[in-house]
Each structure stands twice: as C-alpha cells, then as structure tokens.
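Just dropping this structure here.
A, B and C label the chains in the order they appear, each numbered from 1.
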Amino acid sequence: MRSEERVLEIIETARGKRPRFKDELVTMAHGAGGKASQTLIEGLLVPAFGSAALAELGDAGAVEVDGIGLAITTDSFVVRPIRFPGGSIGELAVNGTVNDLAVSGARPLALTVSLVLEEGLPAAELRAEVEAIAAAAEAAGVEIVSGDTKVVERGHCDSMYVCTTGLGRVDPRAGLGTGTIEPGDRVLVSGPIGAHGTAIMLARDELGLDAEIASDTRPLWPAVEAMLEAAGPSLRCLRDATRGGVASALNELARASGVCVEVSEGSVPVLPEVAAAAELLGIDPMYIANEGVLVAFVAPEGAAAALAALRTAPGCESAAEVGVVKEEPPGMVLVETGFGGRRVMDLLAGDPLPRIC
Amino acid sequence: MRFVEEFRDAELGAALAAQILSLLEPGRHYKLMEICGGHTHSIYRYGIDDLLPDEVEMVHGPGCPVCVIPMGRVDDAIAIAEREGVTLVCFGDMMRVPGSERTLLEAKAAGADIRVVYSPLDALRIARESPEREVVFFAIGFETTAPSTALTLMRAREEGLANFSCFCNHVAIVPPLQALLALPDLSLDGFVGPGHVATVVGARPFEFIPAEHGKPFVVSGFEPLDILQAIEMLLRQLVEGRCEVENQYSRVVPGEGNPVALKAMDEVFELRDTFEWRGLGEIPRSAFKLTEAFAAHDAELRHELPGRSVADPEACQCGEVLKGAIKPWECKVFGTACTPEHAIGTCMVSPEGACAAYYNYGRFAREGDPA
Amino acid sequence: MCLAIPGQVLEIVDEPNRLARVDVAGVKRNVSVGLLDAEEGGVEPGDWVLIHVGFAISKVDPDEAAATLKLLEQMGSEYEQELDELKGSSIE
C-alpha cells in the first residue's frame, strides 16, 4: 500500500494541473467562488478567451495604451434581496467594481452601469437604487460615463441585476502581480471578515436568525492608496476577498505563486455576531463573502508601515497581520488553529450551505 | 461565545496534550475510535491530530448519518423531488451526496424544487406557506436529531397539515456499534463516545461495550478540549486497569438521557425490521420509520419509490472507511477520482465524513516540518 | 449530525407551541424548547440550552462547565509547575 506521503504527493500533482470543465449542468456551486468556479474559469473561460492578461487571473485586466498602464474590470451583481442592512445592490455594484481596480493598483476613474430590470419593479425601488449608485460613485470619486438598460419579463431577474465595467489608471507606485509573492512575505487583512455574506443570509430570512449584522461594502481605494504611499515598493499583491471569502483569495494567490500561505486563525478579525451566526450555521467565516475587505501580501520590510497606513483608511481600523508566506507545501494554505494544531484551508467544494452536522 | 470559547483554550490544550503523553505506556500503540463524524470533523478542524503523539491513533467510526445512507435511498429522495408538485426540503449536508445517477444539487439544477433548511420546523413553515405544494422533508440523523423530527411531525398532525410528509432516514447509534464490535479484525483500545446522541439516549446504552467487549468508553463533547480530555480519560482508564463508561460531557449530558425526547420518538417512530447501511450491510432493528398513527405524513406511503438497493460503485471504499478498517488516504481513489467536488462516495462529500475531514483539513505532510 | 451550539433563553415567545427566543453571542433565533418540558416546568429565561436544528436538546449546566474547566486548569497548573521545575533543573 502506498504511504501517506506518496498519496499526498499524487494528489498535489493532480491538483497542480489545469482543471478540465466536465460538468453537464451549471449548478449554484459554479457561482460560489470555490472549486467549481475555479474549474469553470480555468477550464473553460481562460482557454476559450485566450489572452495573457486573462490568464493572470487578477481582479482586473491590464491593458497598455501608449505606454500608459490601464486596468479594466467587469462585474455583475445579482444579490437577493436587493436591499439589506448596510447597503443595496447599487452600492455593491459601484464599490465592488472600484475595489477590483483598487486591488490591481489602479486609481478608479470611470464606470459604466448596465441595468437589467424585472417587469413590475416599482419605480420607487428603481429610483432608490439609481440614487444609491450615484451616491456611491460620488463617494468613491468615479464618474459614470456610459450605461445600458434592459427590461425582462416578470420572474426573469429577481427585481434587478446590475452589471458594470470599471476603468482605472495603474498607479506608478504599484508593482503588483499575482505571481510575485515570496516566502517571508506577510499577509494582512484589512478588517473584520464574513460580514457581508452573513448579512445577506440573514436578510433572506430563510434561516430565522436575527442579528445586528450589516454588509461591509465600502470603496477600498483610500486603503490601497495609503499603503502605496507608505510601502509601495514592498506591496506584492492585493486581492478583494469577495465570493468565497478570505480563504478563496489566499488559495488563489498561493496557487498562482506556488507558495504556502500560513495563517494564524486567532489573528483574523471577526465580529462576535458574525462568528456566532457562522458557528450556528456550521460555516467558517473565512469562506463567507466580503464586500469591503482586502488581503495584502507585503514584503517583510514594508509590512509594519503598510499595516499602519491601512489602519488609517475608513473601515480598516482593525486591520491585522494574519499570516506569513512559506516555501512548503507549495500552493497550499495552512492554518494554525486557535487551539494550536495546524490544518489545511482549501477552496470550498460547493456553496456554503448551512449545515447541521 | 460562552461555553464554547473556554473549551478551545490553547494553553489548556497544551497541558492536556502533555498529560496524555505522560499516560502512555512505553512502546505501546493505542487505537482509539471516535464514533461520531462530528468528532472526526473537530479533530481535523482544530488540528488535534497534529497535537496528539504518534502513539495515539484515532480511528474514524461510522457515526456520520449522511455517510451511512446507501445510494438507493438517495435515488428515492431524488425520485420524490422530481415529481410534479413536490418540494423536497433537506439539510445542506445532503445536497452533494451522489445517487446512482446524480446528486440532489444536480437534480435542483435540472429543475427539481429542492430547498435547504436549517431546521425541520422550517420545512413545516414551507408547507404552511405553500398549501398547493407537496412538501417532503428528507429526515436524516441519529437519535440526536430524531426527537426534533418527531416533535415536528406531532405538530404537523395537530395542525392537520395535509401537504407535509417526512421521508424518514433516521438511524440508531447502538446497532452499528454492535455490528462493528462483531467484526473479527477490529483491534481498538477504547471509544470516544457521541456526546450529542447521549443527551437523548444517555450513557447507559453504551455500557455493553466495557461490559461485554472490555473496551473503555468516554462520552465526549465536541470542542477540542472536550475531545482531548476524553482521550486523556480513556488512557487513564487503561493505565489504572479500569473499564467503564465515563461522561466527559457532564455539562450537557444527563446520565439517563432525555425522557421527553425518548417518549416523543416512541410515539412517532418504530424500528424497521432491517435497514441497509453503507459499508455495514443490512442491520436488523437499526433504523426508524413512522408509526401507523403518522401514516398520513409518511412520504414512503404517499409516494412510490424506486426502492432499489444500489451497490456502491466498485471503486468506492466508503464501507471500509466507515468501519475504521482503512484510513481515508488508504482508499484507492482518495483525492484522485474521488474529491469533495466530484465525490464517488459519501465519506468525501459529507461535512462529517472522515474522507472530507482529512481531505479538507488534514491533507498535509507533517514530517520534517519546521517547528 | 452533531452540530449543536449553546445559547441563552431570553423569553418564551409562543407558550402553546413551546417556542423560546434564544441568544447566541448577539444572534437571536426562535427555538423549540418542547424537548425540555420536564415535570419541573421546563425551560426558563436565563437558562442556557444546547441548540440543534432549531431545537433545544439539553440544558447546559454552568456549574458542571465550571467544574470541568477547573479540573483542566488544575491539570494545566501542574503542567506549568513541572515545566518550571524542568527549567529550574536545567540551569545547574
């Protein structure tokens, strides 16, 4: 019989290969930000669309025009319900797009907004979202320069879907990339995790839980700019921890750079109510979506300065250093649990459905 | 979180680990079985296996009520879900369990009305809110969960909720343990017992294990300190030459169990003559079905089920994992053909399955790691 | 099938249906306490219960919890003492 080490080796080799998209149907798992999403993106979309920029799998794509580095990103927002504690779909749309640019080291400049509206949507709700979008754009310092509107029959798009494209200019102080992380680099998290996904789950009211938990949606360019100013050359990589949570972001980057990311569970900030709700549902907050949290990989010499700068940004006051990059085992994320032992933290296989086990 | 965080204290954990070390007989290798999937999950989730000395080996037992459900029953649930007008309601744990052709998640993607709930009471609410739908609750779990289903069914009957029924797959904890202990090659030194099942059945049903099989048994809570303390208590019994049932989880487990829960179960359920268990085969009087008084809410009577016994795929070794005969990584398809995202068997797809726990949490090389 | 979490009973919200409002570190949910209806009248506000799939399946005894922790802390302090003695002995 093969030894345990040999089995682990075989598994890692298999996982290192490009995934193949073999599913027959699209399921909710494909949208969860975990393994199924990864397989869809790396196994179907990247090979089909083919550009080098896309293969980088960054939060935004790099385009160069006459020597000027631009970043361009796109996003769709399909959250249900469209209004929830802490925000609404319109606000998410602006902040989410702006953040994809920000974590790519690009100052957000302009957005386009495309609305898909459901027949029967009350005008008052539409107006409220339009105002939310305008307000969020102003707060984030971006202009909405173009847009589109479509209407679909009742029942074909939960109230409304919002799709955006964002354009930004890569900041010269940034030298970010997904494959640049090195052993010794420190991992920072900009704020308490798991709030957004939990707020949405509670707002759906299917689980009967009641708590003062609000979405953490916010624009992160101020946080990025502060870090660029304080520790620009030391910043290796930033990532928006949205679908799939901090766990997914760390796994994607560990894999892209072929390093091990070791996280100290006790250092990761979580609000008590989020921890309790997650505990009740049997979900790890590390996998729950955020809309105003980034992870940053910083070279050791710049980590302290980057953290101090991060903490000055709104909403990032409890930013913390949560981990360190090691050489082995490559492509994996390990957690030092609050209890002292270590374990793996992989991408989620499916949707974080509430479990009872 | 009170009564939770105190039992995750790292310093106390280190002290317990040291204590465990001091109880080991030189040159002896210990095999302790944790019965409950929840314990397996906790052990890997908190890195307890990382903290235990190599001489103490944890063997994973069959106490995962998702894992032991045979594929034929999953097919039955999918058949119910795919009927016109039916809403199947289940716990999240069941969604990715493979039937012979697809999972509930895939059936949902193909159009079946399948919804995930946290509580059987939520299933009742769905039935009330949608009187035009046939709402079927896919009930799973050991005696921990069965009383909750029982109360829910009693409520449904009281309200005359005609559109609510239950597809009952509740199972009992003692029969698989008896089957396990009857296996010839089992060589265990003791058992970490299921703490939450014990809140219902008490500690007494487990007394046959020390009495007839000479193995110490400690009912354990689920926080990492609980599990380490239970292991410490087992080793202490071995050192002191004792062999009995002890209760580590005294803050929650009453020795005699919960008479109200047992009474509710008695009223709503009765034991099936036999039930097929994945890996353990047919075990008599090991699973529950609804009594005649609740026939109106019995999905097995209201819906025609394929009711086929489907053998596990040839490559699947879930049965051996569930008996503790092999470790997850020793299964021929572990991590390659069988992964959490594309599972062949239940042990890899249930959150409490040993394979899932090891794959998701324990899958890293420990030798030669820098301290 | 073992995910259960301790919570504190705030109030009984539906007497005939035996539903209570329970608090877990700031998160509240209505939970059935029907399984804990013993002769002594069952569950009261302030009681701690163990919640599993929306039902309270047992009470949590704070005294027993404290006793368990005390035992562990004692074990811990003996361990600390041994460690100190070990350190002390290595100096010579």
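Throughout what follows, a contact is a pair of C-beta atoms (placed from the backbone, for glycine too) under 8 Å apart; a residue touches a chain by one contact, two chains touch by 3 or more.
As the structure is a prediction and not an experimental result, all values here were calculated from the model.
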By the contact definition above, name the pair with the higher C-beta contact count: A-B or A-C.
A-B
Any idea which chain sits dead centre by C-alpha averages?
B
What's the distance between the Cα centroids of chain B and chain C, rounded to whole Å?
22
Using mean CA coordinates as chain centres, what's the gap between chain A and chain B in Å?
34
What whole-number Å value describes the gap between the mean CA coordinates of chain A and chain C?
35
Going by residue number, chain B touches two or more other chains at 1, 4, 14, 37-38, 64-66, 91, 118-119, 122, 141, 145, 352
For chain A, give me the residues that contact two or more of the other chains.
207-208, 272, 275-276, 279, 282, 355-357
Hey, what residues on chain C touch two or more of the other chains?
1-3, 5, 24-25, 52-54
Flag every residue of chain B that touches chain C in the complex, lowest number first.
1-4, 6-7, 11-12, 14-16, 18-19, 36-39, 64-66, 91, 118-122, 140-142, 144-145, 147-148, 151, 155, 194-197, 199-200, 222, 225, 229, 248, 250-254, 258-261, 264, 352
In the complex of these two chains, what residues of chain A are touching chain C?
207-213, 272-273, 275-277, 279-280, 282, 355-357
Looking at the complex, which residues from chain C come into contact with chain B?
1-6, 8, 17, 24-25, 32, 34-38, 48, 50, 52-55, 57-62, 64-65, 67-69, 72-73, 75-76, 78-80, 82
Which residues of chain B touch chain A in the complex?
1, 4, 8-10, 13-14, 37-38, 41, 44-51, 64-66, 91-93, 95-96, 105-106, 108-110, 116-119, 122, 141, 145, 224, 327, 329-330, 334-336, 339-341, 349-352, 359-365, 367
Once bound in the complex, which stretches of chain C touch chain A?
1-3, 5, 24-30, 51-54
